[in-house]
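Just below sit the structures, each encoded as structure tokens.
Each of the two complexes below includes subunit A, the first together with subunit B, the second together with subunit C.
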Partner chain A sequence: MYRGREGQWAFFLHRLSGIAILLYLLIHVLNISAAMWGPEVSERLFAIEHTPIFRIGLVGVIAAVLYHALNGLRVILMDFTAWGVRLQRELWYGVWLLFALFFVPALIKIVPEILRTMGVI
Partner chain B sequence: MQVTLKVMRYDPNKAAKPSWVSYQVEAEPMDRVLDLLHKVKYQQDGTLAFRRSCGHGICGSDAMVINGQNRLACKALVKDLTKKAGDTITVEPIRGLPVEKDLVVDMEPFFEAYRAVKPYLINDEPPPDRERLQSPEDRARFDASTKCILCAACTTSCPVFWVNGSYIGPAAIVQAHRFIFDSRDRGARERFQALAASTGVWRCRTAYNCTEACPREIPVTQAIEEVKRAILYDKF
Partner chain C sequence: MAIRARRYSQARAQAGTNLELAWWVFMRVSGLVLVFLVLGHLYMANILINAGDVDYNYIARRLSNTTWKIYDWVMLSLSLLHGMNGLRYVLDDWVRDARARFWTKIVTYSLAVLVFFVGSMSLLNHDFSKGLSENTRLEHSEGTR
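For the complex of A and B:
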């Protein structure tokens, strides 16, 4: 593994989260288009989305969308300002700060509900 | 003190794949990795192949992956790579270019990209009586990119270049930057042909490995972003 620094990991996670979002979007579109075969098929497919494993996956989708959006803003600043590249490392830490700010409340709201349906709490 | 020099060795005539070989070397803290490679080659195994010329960070021959990062062997000091005696320093060939033997890679794809950006002054206007004058401010505009020694440390640290060898690479873009932002040059649009192609600057995903790797401390990503903007704003 090449020992790159923050920029390499920012790029790597951006690519990974982008692929994850794309995959989710495909599943999502397929799921919705199942309505073509009537409400029974559609309902049965949507039931899968309420299984605990899928809901945990959706928490991952939230994380991917958040990171991709916030780091995307960082990329825009680097591409269109004279100072963005110079401050790329600080900007990346800013991305994580904002990420935590949005993601922690989402976790507090969602995770107990998932655990409740699983009967853990 | 003793250090272990672990080298990724490859001889296409003997083995299908590269493999690690370790050497015990006596080293001083202020020795350079190049000195350790010399000690191995002169005293332990004369078949070790690597490139070096000036040995002082100017010729750009001895870029290698040292402890997982691209550096010049002649500028990497033992004291910065080890904590105590007995520690291991790893040396691999730079990535993304075909390995010919041990640490020697085929640099031709790299120089092909270099030539593609036309790295020379282009100006068809009749020259003035004495010389094409330039103000100190105009000269300063591209000062950083004049420092490139074409060692390929930046290009071969780029994750995009590893997986897509047709990407023109940071070094060629820095060389283009040196002329595009030169007030005496008129060839920007000619260079944009190679730079705005699908294998050009837009492949850059700002991973910053190039900037971290540059032994001349050129702000490589900054230069690439400036070239991207020059191409973009040229369209309007």
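For the complex of A and C:
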């Protein structure tokens, strides 16, 4: 439809983030459900998850969810309004504007927590 | 085959079957609901608290609360259906070999059913309040949100 330009990037990133989120969802549900087998099992899994590398991965998951959610709203606008397709490029820039608006404060909250566990600050 | 339409009228024209059109509509409706459920979930688990502090007690408290059981189960059901149908679109596009596509779907759908079953058991069929002392429950009743 709009090959090689913003629209195609929006589509590709939507798929990529979707696959990443689905993969995390499957692991996350099994991991949280493991609490059924008691505190020992749970704590052993959390010990892994609270390592800096997993915390950084989680920040990536948050970014993927935020992009997928905002671009999903853009897709809905394109599907159900008369002007959505015409303004799809502007809407995509709007997606990134809102993404930054939510993600930067989240980073300011979460990154110091991770750095503290690493003993950097 | 996934519908490539950008408008409902086009989607209706392109849909091979009523089922495929129903999935097209479902992706938009569930997506809109999930925006609020999942972003709310992320806000509660990452912004209101430190995700690195989450432990067994936090889970047990949260999964002892009926509101969160319902919230989590709706989120689990919708996100698995939305995610697995999205994966179906991707596999139809990217896995060209019919046999490989068939088996990839069998394996991933089975995995999703298993995850849905295990997740539902933990939400609906396990009493997490048993291990919590009365004090812990009162002390943290606000913290469970």
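Assume the second predicted complex is superposed on the first by the 118 of 121 C-alpha atoms of A that agree within 3 Å, B and C clash if a C-alpha of one lies under 4 Å from a C-alpha of the other, contacts with A are read in each partner's own complex, and residues count from 1 in each chain.
Keep in mind that, in the parts below, a contact is a pair of C-beta atoms (placed from the backbone, for glycine too) under 8 Å apart; a residue touches a chain by one contact, two chains touch by 3 or more.
Computed from a prediction, not measured in an experiment: that's the story for all the values here.
**Q** For A:S42, is the partner it touches subunit B (first), subunit C (second), both, or none of the two (neither)?
**A** second
**Q** In the overlaid three-chain picture, which partner chain does A:M78 touch, first (subunit B) or second (subunit C), both, or neither?
**A** In the superposition, A:M78 contacts both subunit B and subunit C.
**Q** Where does A:R86 make contact in the superposed view: on subunit B (first), on subunit C (second), on both, or on neither?
**A** Only subunit B; A:R86 stays clear of subunit C.
**Q** Specify the partner with more touching residues on subunit A, choosing between subunit B and subunit C.
**A** Looking at subunit A, the partner in contact with more of its residues is C.
**Q** Touch check for A:Q8: first (subunit B), second (subunit C), both, or neither?
**A** After superposing on A, A:Q8 lies in contact with subunit B but is clear of subunit C.
**Q** Examine A:I19 and indicate which partner it touches, taking first as subunit B and second as subunit C; both and neither are also allowed.
**A** Touch status of A:I19: second partner only.
**Q** Identify the residues of subunit A that lie in both the subunit B contact region and the subunit C contact region.
**A** 1, 15, 75, 78-80, 84-85
**Q** Provide the residue numbers of subunit A that touch subunit B in the complex, in ascending order.
**A** Touching subunit B: residues 1-8, 10-12, 14-15, 75, 78-80, 84-86, 88 of subunit A.
**Q** Of all residues in subunit A, which touch subunit C in the complex?
**A** Result: residues 1, 15, 18-19, 21-22, 25-26, 29-30, 32-33, 35-36, 38-39, 42-43, 46, 50, 55, 58, 62, 65-66, 69, 72-73, 75-76, 78-80, 84-85, 106, 109-110, 113-114, 117 of subunit A touch subunit C.
**Q** Could you pull out which subunit C residues touch subunit A in their complex?
**A** Subunit C residues touching subunit A: 4-8, 11, 28, 31-32, 34-35, 38-39, 42, 46-47, 50-52, 54-57, 59-60, 63, 76, 79-80, 83-84, 86-87, 90, 111-112, 115, 118-119, 121-122, 126, 128, 131.
**Q** In the complex, go through subunit B and note every residue touching subunit A.
**A** 65, 67-69, 95, 157, 159, 205-209, 211-212, 219, 221-222, 225, 228-229
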